[in-house]
Amino acid sequence: MKNFWIYVKNGIFKENPVLILMIGLCSVLAVSVNVQNAIGMGLAFTFVMVFSNLFVSLLRKFTPHDIRIPIFIVVIGTFTTIVDLVISAYSPTLYKALGIFIPLIVVNCIIIGRAEAFAYKHSVIESIADGIGISIGYVWTIVALGAIREFLGSGTLLNVNIIPNFQPMRVFIMPPGAFWGIGLLIALLKWVDSKIRR
Amino acid sequence: MKIYGFKGGVHPPEKKELSKDIPITKIPLPEKLIVLTVQHTGASVTPLVKPKDYVFKGQKIGDAQAFVTAPIHAPTSGTVKRIALYPHPNGRNVLGIEIEPDGKEEIFPDISKDSSWQNLSPEDIRKRIREAGIVGLGGAAFPTHVKISPPPEKKIDTIILNGAECEPYLTIDYRLMLEKPQLIVEGLRILMYVLGVKKGIIGIENNKKDAVEVLRKYIDSDIEIAILPTKYPQGSEKHLIKAILDREVPSGGLPLDVGVVVNNVGTAVAIAEHFKTGLPLISRGVTVTGENVNSPKNLDVLIGTPVSKLIEAAGGFREKPGKIIFGGPMMGIAIYDMDTPVIKGTSGVVVFSEKDAKYYEPVECVRCGKCVDVCPMGLMPTILAKYVRKDKLIEAEELGILDCIECGSCNYICPSRRPLLQWIRVGKTDILAKRRK
Amino acid sequence: MKQILRYGLILFLVCSIAAGVLAFTYENTQKVIEINKKLEKEKILKEMIPEATEFKKVENLPKVENKLVKINEINIAYKGQEKIGSIWEVVSKGYSSDIILVIGINKEGKIEHISVLSQQETPGLGSEITKDSFLKQFIGKDTPNLEAKKNITPVSGATISSSAVVRAVNEVLKHKDF
Amino acid sequence: MKSEMDKLIVSSSPHIFVKEDVSYAMRQVIYALIPATLAGVYFFGLYSLWVILVSIISAVLWEAFALFLRKKPLNILLDFSAVVTGLLLALTLPPKVPLWIPVIGSGVAILLGKQVFGGLGDNFLNPALVGRAFLLSSYPQIMTSWIEPIHKIGGMVSQASPLTSTATPLAIVKLKLTGYQLPSYWHLFIGDIPGCIGETSALLLLLGGVYLIYKEIVDWRIPLSYILTVFIISLLFGKDPIFQILAGGLFLGAFFMATDWVTTPLTKKGKVIFGIGAGFFTMVIRLFGIYPEGVSYGILVMNALTPLIDRTIKPRKFGEVRK
């Protein structure tokens, strides 16, 4: 059980998928226009991440090495489609906002990357821990980025106006702003990291 | 004569007016002379005398077995006082023979008085030049007999005498051309005879027009004078050949590879003088100049004279000295010891005050590209320096770092005051050291 | 050979399970999704003309001469048997994208409601046409004589996008009695 | 002699250096921009002087702030590069922007365009253009609101009352706007036309540019190849080439931004390629893009390509044996 928490902790900062491993950036950059979308994407991602890790780990004894990738894809695809259908049914507004990005979770490098690099080689419990950790890392990053971009780009947070008369810097809701935002977050994490190390 | 020129180069202030109108004079015999065993490019020599030995003027006091070397001689008669380590202009301490002159100027009896070189075979002349210890007097001090012994497969068709004197401040070659034109032409003819060459060219920068006029009176149709634009480093062998003949010495090659031998006008004078007097190379012309000496001079000094004597002869320091440079300000070496003696390659001593020897704090490269524009070798100095700093020696070598002639143009022009040449030198040394391993 | 069979079998197995799970999910969500879609459409139409009780889609759309405007869909709103207005979905060529507008016309033939369904105009410039401050100028208009800078103030810096909206509204007003 | 000996300075050659350092070059750029700056103030009124001053002062303060954060000596400010950035940014702003615009713009220019990469020399994009691009995409309305010049050359007072909004010549052509009159070549050349504070007077920018070329601060190859490319492409696409050259910020960009040392290629050949590329992208944006003006993005795109150019284009080495 001690290992469980270590693996969970790992994904949050030390192996933060976006800021340290720098994979799966496409969805992060595209969806982090505002906090609401970020949270929605984060939850969808978490669901697929944890369950695909779980099942990949569960099936790892039966998965021949040569055809592991097709099997990972099928597992991930299944859970993604489930999320897609469920969101579409029960939260049409979120579905509208996330649009094509939910199906794209299938090819999100983070999930297939963790399946290959972690779940395929670890026990079910550890894989769930890793899925949770990575998901937390992903969620806090995308939400933080969403908050930065929404605040600077639209002047709001969760669609609530924060400062009256604030002139939003629209560039932050455009792609260049996404890169700047993620650059700032990476710099911040490295800076904090260097302070801690010292 | 058509001049082709070369790409790149810089135009530093010439400052030649300080000393250009002052005729060459001799200085009194100093109390001590230090003849270093490292005078030239190539192997250092072994002393042939012991302390307390009496030596004659022109007596050979050091020699070596190697091909690329030249013997050294006693500049005057006197006693060998000590054989010890002395400061060399290059900054290290090397073995030197200190001679206490007796003032009698007794000439070594075995010296050949035969001045008719026309009767000698080229091979004999080469031997005489070697025995006389004559080396290139332009600065690099490459033994002359090596230079004029090309391998048989290389056909030499032209000899160029280098009278460009592109270094700022220095005027000794200019004075030689004015005062000893017949010796220059004679020296050139000896070299042409040795190499069996029909064509001799004297290259002179166009800021020395009067020297051209004087030399014109002494030449025949076999010798031409090429008037070159004033631009640093016009006096670099490779660029002289390029500017005059439009031939490019291939990367890593020598002038021999394009059928040319280049010698300094001072060397020609030394050769001619040797066949006139029989004396080996024991003195040379040195310009002592700079805004910080009271009366800049062109001097004829004995090899081994300590620099302090030269400055004394030039009227001493004007104010507190900051830097004393052996050679010109572009390629010369700053010395730290006032006892450093003149060696065969010392063409000038430039003295800067503390104020003029200012050190500039380098800032980040602003990529202006000026170093690329001025590099006469077509290199990218700032990129080379960057590679060396990052220890990317393979990349630096691919970019041609070994072709650098260390003229310093990039360093001179850099608006960010970056020590580009220093980095390039470090890189060259490291690459060559790695190669030797 | 044997291995290929084994791999095939494993893949088949995994896929079948996945297919089963998906079929189950699909069954359970599809009905909700369809209801949602219908509700949403009605919601939009209802917002336009709230007192309507029923909407009927028009089959024969009127012809538009202007090549830059296209009518996508017309729904007639009824209150019981009475025709109380129409709702138009029109596409107009903007500066950098197709602007899709929804326009509601009441029974007096005046514009009751107008909103932008989708557009991809320059963010911050052309995209400002979605703002109420611009769109509310069209409310109550009934004759196709609108012109940017004359009786309609365009979004500053986005004359082309503004004109595209004006053009679309003019076409709708021209054909409102088809 | 001994005591003097201890004090001698030893350093490797060369021992002399040019007087012209980075700070000198930056000051020359500032001098070269003064005529166009003054003309801008004359055309668009004293308020634009405030915009310029605020931009310069805030650029210097942002630079000082960044240097303080990076624990660098403040005397780096003496290289005047922040002043140049502030001035160039101001000259690319419309005349009546609110004063917080240059403050934010110069902040982005200095912090995100320059200091995050390590300060002058390490930035790969022209800082002033980064600031302008940021402002243009963040506040497009403010950044595209133009006014008629309040003073015109030749005693002609403008017909429209000052401060009413208008459009730049390029926008009139690009957007086929009606109700505007296109200025004549003469006005385009003199600069009493709507536009950014410092971009309108082709004449004075040319003057400053020629001064910089004469002083050997900038290489003539970039402006020439840049302007020529714009000319030729306009010709090929049936646009009025003289109009395309004089209208918009081409002269400001070609002489003062595309010639920025740090962000352009090192070699002469590379500089020509840079100019041609900038001209090409400028025209692509003007002809097919969504903006009427393409100079800033044209240059930024080529800035980004500069490392590639420098990797590919090398000067011919002396004595290089051709294989």
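Chains: A, B, C and D, in written order; residue numbering restarts at 1 for each.
We adopt the following convention: a residue touches a chain if its C-beta (ideal position, glycine included) is under 8 Å from a C-beta of that chain, and two chains touch if they have at least 3 such contacts.
Here the structure is a predicted model, which is why all the values come from computation and not from measurement.
Taking the mean of each chain's C-alpha atoms, the chain closest to the overall C-alpha centroid is D.
Mean C-alpha position of subunit C lies 44 Å from that of subunit D.
Separating the CA-averaged centres of subunit A and subunit D is a span of 41 Å. Taking the mean of the C-alpha atoms as each chain's centre, subunit B and subunit C sit 87 Å apart. Distance between subunit A and subunit C, defined via averaged C-alpha coordinates, is recorded as 32 Å.
Within subunit A, the positions touching two or more other chains are listed as 170, 174. Contacts with at least two other chains are made by residues 123-124 of subunit C. Listed for subunit D are residues 137-140, each touching two or more other chains.
Interface note: chains touch in the pairs A-C, A-D, B-D, C-D. Those residues of subunit D that touch subunit A in the shared complex are 100, 104, 112, 116, 134, 137-140. Contact residues of subunit B toward subunit D in the complex are 6-7, 12-13, 91, 168, 238, 242, 248-251, 253, 308, 317, 320-325, 327, 329-338, 350, 352, 354, 357, 359-360, 363-369, 372-373, 375-380, 382-383, 399-400, 403, 406, 408, 411-417, 419, 421-422, 425. Remark: subunit D residues 137-141, 144-145, 165, 175, 177, 179, 290 touch subunit C in the complex. Taken in their complex, subunit C has these residues touching subunit D: 95-96, 122-125, 128, 149, 156-157, 159-160.
Looking at the complex, you find that subunit A touches subunit C at residues 59, 62-64, 66-67, 70-71, 74-75, 77-78, 81-82, 85-86, 88-90, 92, 170, 173-174.
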